[in-house]
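Shared between the two complexes below is chain A, which has chain B as its partner in the first and chain C in the second.
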Partner chain A sequence: MAKGSGIIERSLLTDDQIMEFDNLVMDGIDISGRWNTMLKSRVHSRPELDSWDEIRESFIGASIDNCIQCGMCTAGCTVAHEIPEFNPRQFIYWVRTGRQDELIKNADVIWRCVGCYICTNHCPKEVNTAEVIESIGQWLHRAVPEKMDDAFKANHETYRHQLFTYGRLSLPRLQAEFLNRTGRRQELFTAEMRKTAVKMLKDGRVMRTLFIGKPRHWSRSAMVLSHQEA
Partner chain B sequence: MKTAYFPGCSLKTIDRAYDVSTRVIAKDLGMTLVDVEDYSCCGAGELKGEGLKSHFLPARNLAHLLAQGENEVMVSCNVCYHELSRTAYTFDVGGKVRDDIANMLQEADEPSLTEKPSVRNTLEYLVNVVGLDTIAKHVKVPLSGLRVAPYYGCLYHRPGKMLSSIQIAGEDTEHPHFMHDLLKTLGATVVSHPAETTCCGGKNLLSDDRTSGRLTGRILSQAKSSGADVLSLMCPKCAGGLDALQLRAINAVGNSAELPVMYYTQLIGIAFGHRPEELYVGDMESNALGTIQQFLSQLEYSLPPR
Partner chain C sequence: MSTSVMVIGAGPAGLQAASTLSHLGFDVTVVEQQQYLGGAVARHQYQVLMPDFSSGPELLRHLIERVNEDPHIKIYTGTSVEDVSESRDIFSITLSGAHAETIQSHAVVLATGFDHFNPARDGKYGYGIFPDVITGAELEEMFAKGPIRRPSNGEVPQSVAFIYCVGSRDRQVGNTYCSRVCCAVSAKQSIELREQLPKARISMFYMDVRTYGLWEDSLYWRSQEEAGVVYVKGRIAEVTEQHGRPVLKGEDTLVRGPFEWPFDLIVLAAGMEPSRGTHDMAKKFQVSLESHGFIKQAHTIHNASLTDHPGVFVAGAASGPKAIEDSIAEGDVASLAVFDYLKAKVTL
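Entry: the complex of A and B
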């Protein structure tokens, strides 16, 4: 029988929260049978609150303290429909109760926010939820970079490199650098990609892309962007 | 009517169809578009994690706008619209941020941002400033019989408190309707569908194939099953997922996601009597050109002889 199969709302628990024994004797009384399923204590006695401080003091995460845990953000969330583990209300709860272990466990989920701002728009307490989630993602990226997905890191690096170097985005260049960084370079040479490239070369869009140029005096702006602390 | 215009990076390069069609219809409507000189990228929503620095690039563009003697700008790209509005809003709220933005601009030797410019979206500007009755007067080829599904994306109407479409023009932040109104004015049959404002996953277009494939697939298949011939777009980032990478959506949800996609400005251009080539309809990866050519040929056949 599956672990904890007698529990109502079993889907809300993970396997390691449930204890089951074949033969359990407590204080001389044999309680094996259906009474041997137990939940581990959910008391968390050592909250790790430095992440909360970091997020509430950051520029984009400052509104986290307005949250009243109503769940409007999660009810409308685009990603929550696609990925059930994606739960902005719970992420905010974990930050404010110091559950860094839970946040780290979900490091590969939190960055998948698509920035559609439904949550911010629905919030009755003016929490800028989309940017708070971004801020939590940034904290994770700083705290546990090894847990983050390679595609996330490549995306992050690619956009920064392209923006800081050129000041303007050229989408083919962006895609090429991204695929290169993730080691998926061969995807640049698939049949569809070649077809698109030939089409764009013929109708002159490639030339437009190559000659997009830089803004005037870009080097000074690039200095400001890459040196100043957030 | 002189209007400052911010095309942004993607409209200047691979999404020239949106840029050119906007210019074509603006010329017809008697608007003189003045480009923002020496533009830079708006940050594309990818620099939010940098905190204060995320305001530098939009503020730089707005400062250049003010230096040109304009204080209202029309933006076609939804991502640029969102970024510029976000900075203008933050600047207007004021406090320490205002000084910080001023310092950053000074340090980079750029013009200063002295007042809050008004950032307008092209769709909202066309409906609210130019006016639907003016647009109706320019319609030469009514799109009657063409079934168009509007698609707004996210950043045209969310978050409501920052954006001119909601604050000035009176658009609805949950159920926007300006594109419906505009397409009706052109004579098209507007197909409402459940995915008009759902996100296409554009921010993770490159990094999260699975989610963004499923999201784009859902939008396309819902528009198609509602009976649309063509999906009308207003954001180049959405075009990335819905048009250029439509194959990924088809792989995710099946053939129900195969649908021609084009910009709403191109549809206005067609209704104003321009040829599809002038509006670069052929630039779209989906079969928008075929749909439009078929529509026009049927139309010529059914038009009364001159």
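Entry: the complex of A and C
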């Protein structure tokens, strides 16, 4: 039976507000089944603020306290206009009001920021909104890694690996590694891909991709990065 | 020799100062760069004044008649200050323009006012690109000239949006202060609009509504209760155009989520900036500016009109955004401060 099906005005509740157990015995009384339907308290009573500290102390999240909640960032945001749940202003609000429950619930929404920086460019308070959202995203990576699905994780790891190895990104390499990691290697050899490969051979892009090179003194920068990573 | 004081700028603050200084026994010269008196009130022909809906032209008539009829006040319009030197507490001021002469003054009141923020400097509002996007000052001029129509096609607007805090409270444009009057002026304008446009949808897009003090119920509440104006909390990120109508792209931060709403007419509540004349005079008379570029009040609490240069006083919007009532009050404050300063030095 659907969750909470016995509740009148069921439409006012979301699934995660409803607790229901197939088998439950309380004080020796068996209340299995519909009898034990309970609602979680809707009152938020325990602000969790360690994430706020983590974010404001991070290099990219430091400007979070500048925010005046005006909504300019969401108003111009690329993703917000596609996904109504995506709302950088509100993510900042949740951080500052200790709503880790909401942040975690919406982790996969928050991770969808495309890094276009429109928000940062518009913000009247010079919040670096794009990077604050990234900082929130990074906190979520640490807090709820299990919420990242496999494709997401593979994508993440691919970028990280490429960047740490070469100090720069190349689209063909990114795509190859991503498909490799997700076990979709055969997609590299479709007719379309082969056509592209031939074209790239001819115009020389293949060479640039194979011998991508590294920035000057990359090993030193890499050391700093892996140090931060640790 | 009688004691003479120069007032620079003939807006509400300067006109009030001139009249009061004359009552106190000084000879006054008013120097105004424009050909007309009355400052912003005259320039934009404010018809109905915030907060009490009194008449703008009547206020001007009152202020101007008093100085015109006063034999101790000389009015120099179309005149600017060219050069200033100071010796033994007497300013020697060389004028250019209609009255090119040099005048000795014992004290100076700077009442050089403000300039409107030019919204073309902030590309996101489409000002100067879309004809139906106008400023609050331009709306005042529309009220003065005739019925409200859409500049693009002359039609009666069915929907009007006010965008608050344009050029104020925004680090991107460099103005981090609140302009203080635009919330209340916009509320006043919405009430006036309602009389002309009984059916139009009128919406205010705000970050905070700052109709402080006694203006809360008389303007903010009244605009909602009597004029049916809607307040939407959120800043506008972009104005675009669709089917010949401006479209506001914003976030309604209360219900959360972005919107794109078309309106027939957009009014930008453009803020106040220190006028160019204010900067010029600050330099020539060697007074400091505060961090936002207005003239610095040396003792804000003690006396609003003192600058950090003895003998130079300030009144009105030259020392920060303020309403007409405060500007006029400061005209009096500066006059008394001049009196206080000069009575120790000169026997009247």
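Note that the second predicted complex is superposed on the first by the 173 of 230 C-alpha atoms of A that agree within 3 Å, B and C clash if a C-alpha of one lies under 4 Å from a C-alpha of the other, contacts with A are read in each partner's own complex, and residues count from 1 in each chain.
Here is the rule we go by: a residue touches a chain if its C-beta (ideal position, glycine included) is under 8 Å from a C-beta of that chain, and two chains touch if they have at least 3 such contacts.
For clarity, every value in this text was computed on a predicted model and none was experimentally measured.
*Asks:* Since both structures carry chain A, what do chain B and chain C do when superposed there: clash or fit?
*Replies:* fit
*Asks:* First (chain B), second (chain C), both or neither: which does A:Leu225 touch?
*Replies:* Once the two structures are laid over each other on A, A:Leu225 reaches chain B alone.
*Asks:* Count the residues of chain A touched by chain B and by chain C, then name the partner with the higher count.
*Replies:* B
*Asks:* Please work out whether A:Thr196 is in contact with chain B alone, chain C alone, both, or neither, and reply first, second, both or neither.
*Replies:* A:Thr196: touches chain B, not chain C.
*Asks:* Once the shared chain is lined up, is A:Ile55 touching chain B (first), chain C (second), both, or neither of them?
*Replies:* A:Ile55 sits against neither chain B nor chain C.
*Asks:* State whether A:Arg112 touches chain B only (first), chain C only (second), both chains, or neither.
*Replies:* It touches chain B, and chain C stays clear.
*Asks:* By the touch definition at the top of the document, which applies to A:Pro84: first (chain B), second (chain C), both, or neither?
*Replies:* In the superposition, A:Pro84 touches chain C alone.
*Asks:* For A:Thr74 in the superposed arrangement: first (chain B), second (chain C), both or neither?
*Replies:* Only chain C is touched by A:Thr74; chain B is not.
*Asks:* Does the superposition put A:Ile92 against chain B (first), chain C (second), both, or neither?
*Replies:* Touch status of A:Ile92: no partner.
*Asks:* Can you work out, in whole Å, how close the C-alpha atoms of chain B and chain C get once everything is superposed?
*Replies:* The answer for the closest chain B-chain C C-alpha pair is 5 Å.
*Asks:* Chain A residues touched by both chain B and chain C?
*Replies:* Residues common to the chain A contacts of chain C and of chain B are 118, 121, listed in rising order.
*Asks:* If we count contacts the way the header does, which residues on chain B are in touch with chain A in the complex?
*Replies:* 9-10, 12-14, 16, 38-41, 43-54, 56-57, 60, 104, 107-110, 154-155, 158-160, 173-174, 198-199, 201-204, 206-208, 211-212, 214-215, 240, 244, 247, 280, 282-283, 285
*Asks:* Within their complex, state which residues of chain A touch chain B.
*Replies:* 58-60, 78-79, 82-83, 112-118, 120-121, 128, 130-131, 134-135, 137-138, 141, 149, 151-152, 154-156, 158-160, 163, 167-172, 174-175, 178, 192, 196, 200, 203, 205, 208-209, 212, 215-218, 220-221, 223-225, 228, 230
*Asks:* Which of the residues in chain C end up touching chain A in this complex?
*Replies:* The contact residues of chain C facing chain A are 124, 165, 169-172, 207, 233-238, 249-253, 256-258, 260.
*Asks:* Which of the residues in chain A end up touching chain C in this complex?
*Replies:* 68-77, 80-81, 84, 87, 89-90, 118, 121-126
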